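I have a structure I would like to understand better, so I am pasting it below and will then ask my questions one at a time.
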Amino acid sequence: MPWDRNDMAARAAQELEDGFYVNLGIGIPTLVSNYVPEDYDITLQSENGMLGMGPFPTEEEIDADLINAGKQTVTELERTSYFSSSQSFAMIRGGHINLSILGAMEVSEAGDLANWMIPGRLVKGMGGAMDLVAGVQRIVIIMDHANKAGESKLLKKCSLPLTGQGVVDRIITNLGVFDVVEGGLKVIELAPEVTMEEVLNKTEATIVGS
Amino acid sequence: MPWDRNDMAARAAQELEDGFYVNLGIGIPTLVSNYVPEDYDITLQSENGMLGMGPFPTEEEIDADLINAGKQTVTELERTSYFSSSQSFAMIRGGHINLSILGAMEVSEAGDLANWMIPGRLVKGMGGAMDLVAGVQRIVIIMDHANKAGESKLLKKCSLPLTGQGVVDRIITNLGVFDVVEGGLKVIELAPEVTMEEVLNKTEATIVGS
Amino acid sequence: MKKVFSSADETLNGVLKDGMTIAAGGFGLCGIPENLIAAIKSSGVKELTIASNNAGVDDFGLGLLLQDRQVKKMISSYVGENDLFMQQYLAGELEIEFNPQGTLAERLRAGGAGIPGFYTATGVGTKIAEGKETKEFDGKTYVLERGLRADLAIVKAWKGDAQGNLTYRKTAMNFNPECATAGKITIAEVEEIVPVGALDKMQIHTPGVYVQRIFAASHEKRIEQRTTRAA
Amino acid sequence: MKKVFSSADETLNGVLKDGMTIAAGGFGLCGIPENLIAAIKSSGVKELTIASNNAGVDDFGLGLLLQDRQVKKMISSYVGENDLFMQQYLAGELEIEFNPQGTLAERLRAGGAGIPGFYTATGVGTKIAEGKETKEFDGKTYVLERGLRADLAIVKAWKGDAQGNLTYRKTAMNFNPECATAGKITIAEVEEIVPVGALDKMQIHTPGVYVQRIFAASHEKRIEQRTTRAA
């Protein structure tokens, strides 16, 4: 049985290490915060200028001056610090954030990532995604293995404009966990009841060493 | 009668305009703060990380954490703000300081400045001088017209290693005030009883339009 | 040198010109100079180039300037919250220059800090690097990005004083400090003007040298995504 | 991830290596990590490259590391307060790379911010630009300077917490925030460790992500130029 959104988030939480500074993308990556091991000291960075992001506020706690990078109201923690945008991206670009978990439209076997633009469709902008993938120490992608038309999103080469070139370290899909290695993608783990044959059938990217 | 140190500082104070942000070099330039018109709102920047530098402290006010760029103990004012070195030089390099008044060993008729290094002698370093002359809106030099050997310090070409190229706007010496203009130095003002002939005799640099 | 003014209109007096470049602080609708934006709308100034991370929403923030087509070009990282923007963009009435968010922040900082260009790995191998110079450092490729200055910067702070010293509150800080340094003229709207000396001297986010005009005003502070948890 | 240690020696455990590069905060003797410098002296580590605006004085600050010839090279803007430095320099025992003060600060900031190179007008046409690339922007010439990272950064702050958040006091801030970002490992000595949450969240100069180890100690805070006015 392939993983659902929450399974993928739970699996992604295994990427965390105690003491990590982490930036979570919008969508499924946000769910990862529900699966942080209790004895881990994890600090979430929000690229609009906050280190130590807390949960959503109660109705009473809502503060218009306190939002995350998805423009959602959030809360602060005891450890929280605030800073400006250039300082926030200095932290990101300078490699001080240990891990970023992001969504994707396509990933190539070379670790190229496309997640910001579909030509001919409305272009909304890349926000901080290009900086995150270029600067954060480790990039883990969570996404469905195939698009709605059933086509593989793990490709030999991305068809969409790139967010970053050779930036992805690991991909977690509903079918399993894949690492970008020399020559293609390596299967690290399969979701329950998912077979290697199914993965090979549903993946355009080269699967190596399996 | 040529100007003395205090006369030169007083003349340099005429370069100030109400509301100016000013960086004063070590030595005679420091004396300029004694001649600020009382109705002027002048803010002194100290490049080690302070905007709004106050006078020297009383014995009771001395604070080891509060020094100026000359490593002298100073005081803060109501308006004072503190910041880091990169922020301080962002302010300087970015052209946000209106005026810097500095000392010099040599100035050329092209506005080149040499004030940090004498080859063969001990080299102590340029500190913030190169950043100041490259970034501050207007550079005014205070120096003696001649060195101890009686040789002009206003030269056709500097003989010493430069602090900056074409950076000086105005020079105030014991003999008068000189602007760097197309083709050489222009006499703006002479000290009392100093004649143009004396200036021409004592100046190696080309004097134009006088 | 009086820096304190009584209103947004008064601070903008003599400052606005058709075709000028404006850097505007704010992230989404958080920490935006909402009174200055409204006053710029009223002024009718046109052909603006605006550097701002986002373009507001249709009826608030920078979106207000789109209603009367006052904007020629946006330099932004994300404009997805503004339908009017999309319509004008698709109709060819509005240019957009996308900058990665961190690159935009650094361009403004660099512009204000006298740095005309810097290298970043962000965007290398993507559309963003097309037509830009690249250079290798220690075997890795970086793209040259330019410092960005603006004719006018408009920022929103929490507290300010008559010297122009500013402090910001929580994530409403965002791009405001960078914009403040990048403006040839910088105007700040604040929630409260406090006496000079009342701000903690070690905690002034924007020293007064960067701010030419300042005024206090009330702020609607509209929230885009009101997300809550059970109490 | 315990960041709080009990002493300078303990924080340096396993960190020091001959030939390493160390970025050290401080301006003159103001805001220097004096306990860490003393511990580095005791450790006997050699062949150090040290990026620090100054080199201390003969018997305090970084000057202590010169006594046993532990320093191979200094990257500084001004070393005029240290006679021992001059002796070793003239004897060819010590290298010096002079950086303009603002360039040194920006190099450390850039290194910590993932910017491998930037352009500045500082030093153009002088010895400092010799052998470096230059480039024209808008008709003016700038020199390319490199971002600077260090194997270890040692900084001195006023108050810190167990998360590594730091605040600095007055002009003792100086190069400390930049050094903190430039270190692959950053160790902070503070006057006081306060509970997490006690520092004003909007006023933390160095967020904890930059600081791997922290300890509290007393500080002599020697003054170089004791200048006073009549009371």
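A, B, C and D are the chain letters, set down in written order, and residue numbers restart from 1 in every chain.
Here is the rule we go by: a contact is a pair of C-beta atoms (placed from the backbone, for glycine too) under 8 Å apart; a residue touches a chain by one contact, two chains touch by 3 or more.
Here the structure is a predicted model, which is why all the values come from computation and not from measurement.
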item: Farthest chain relative to chain A (centres taken as mean CA coordinates); value: B
item: Computed distance of Cα centres, chain B from chain A, in Å; value: 54
item: Chain B and chain C, separation of their C-alpha mean positions in angstrom; value: 35
item: Rounded Å distance, chain C centre to chain D centre (Cα mean); value: 33
item: Set of chain C residues in contact with two or more other chains; value: 106, 109, 113-115, 120-121, 168-170, 173, 201-202
item: Set of chain A residues in contact with two or more other chains; value: 76, 82-83, 89-90, 92-93, 134-135
item: Chains that touch, pairwise; value: A-C, A-D, B-C, B-D, C-D
item: Chain B residues within the chain C interface of the complex; value: 18-19, 21, 41, 43, 45, 51-52, 76, 78-83, 89-97, 134-135
item: Touch list for chain B against partner chain D, complex; value: 46-50, 55-60, 62-68, 70-74, 76, 82-86, 88-90, 92-93, 112, 117, 122-131, 134-135, 161-166
item: Parts of chain C lying in touch with chain A, wherever the complex brings them together; value: 27-31, 53, 76-81, 86, 90, 96, 98, 100-106, 108-109, 120-128, 158, 168-178, 205, 221-231
item: Residues on chain C engaged by chain D in the complex (per definition of touch); value: 106, 110, 113-121, 135, 137-138, 140, 142, 146, 167-170, 173, 200-203
item: Residues of chain D touching chain A in the complex; value: 1, 109, 111-115, 161, 163, 165, 181, 196-197, 201-202, 204, 207-210
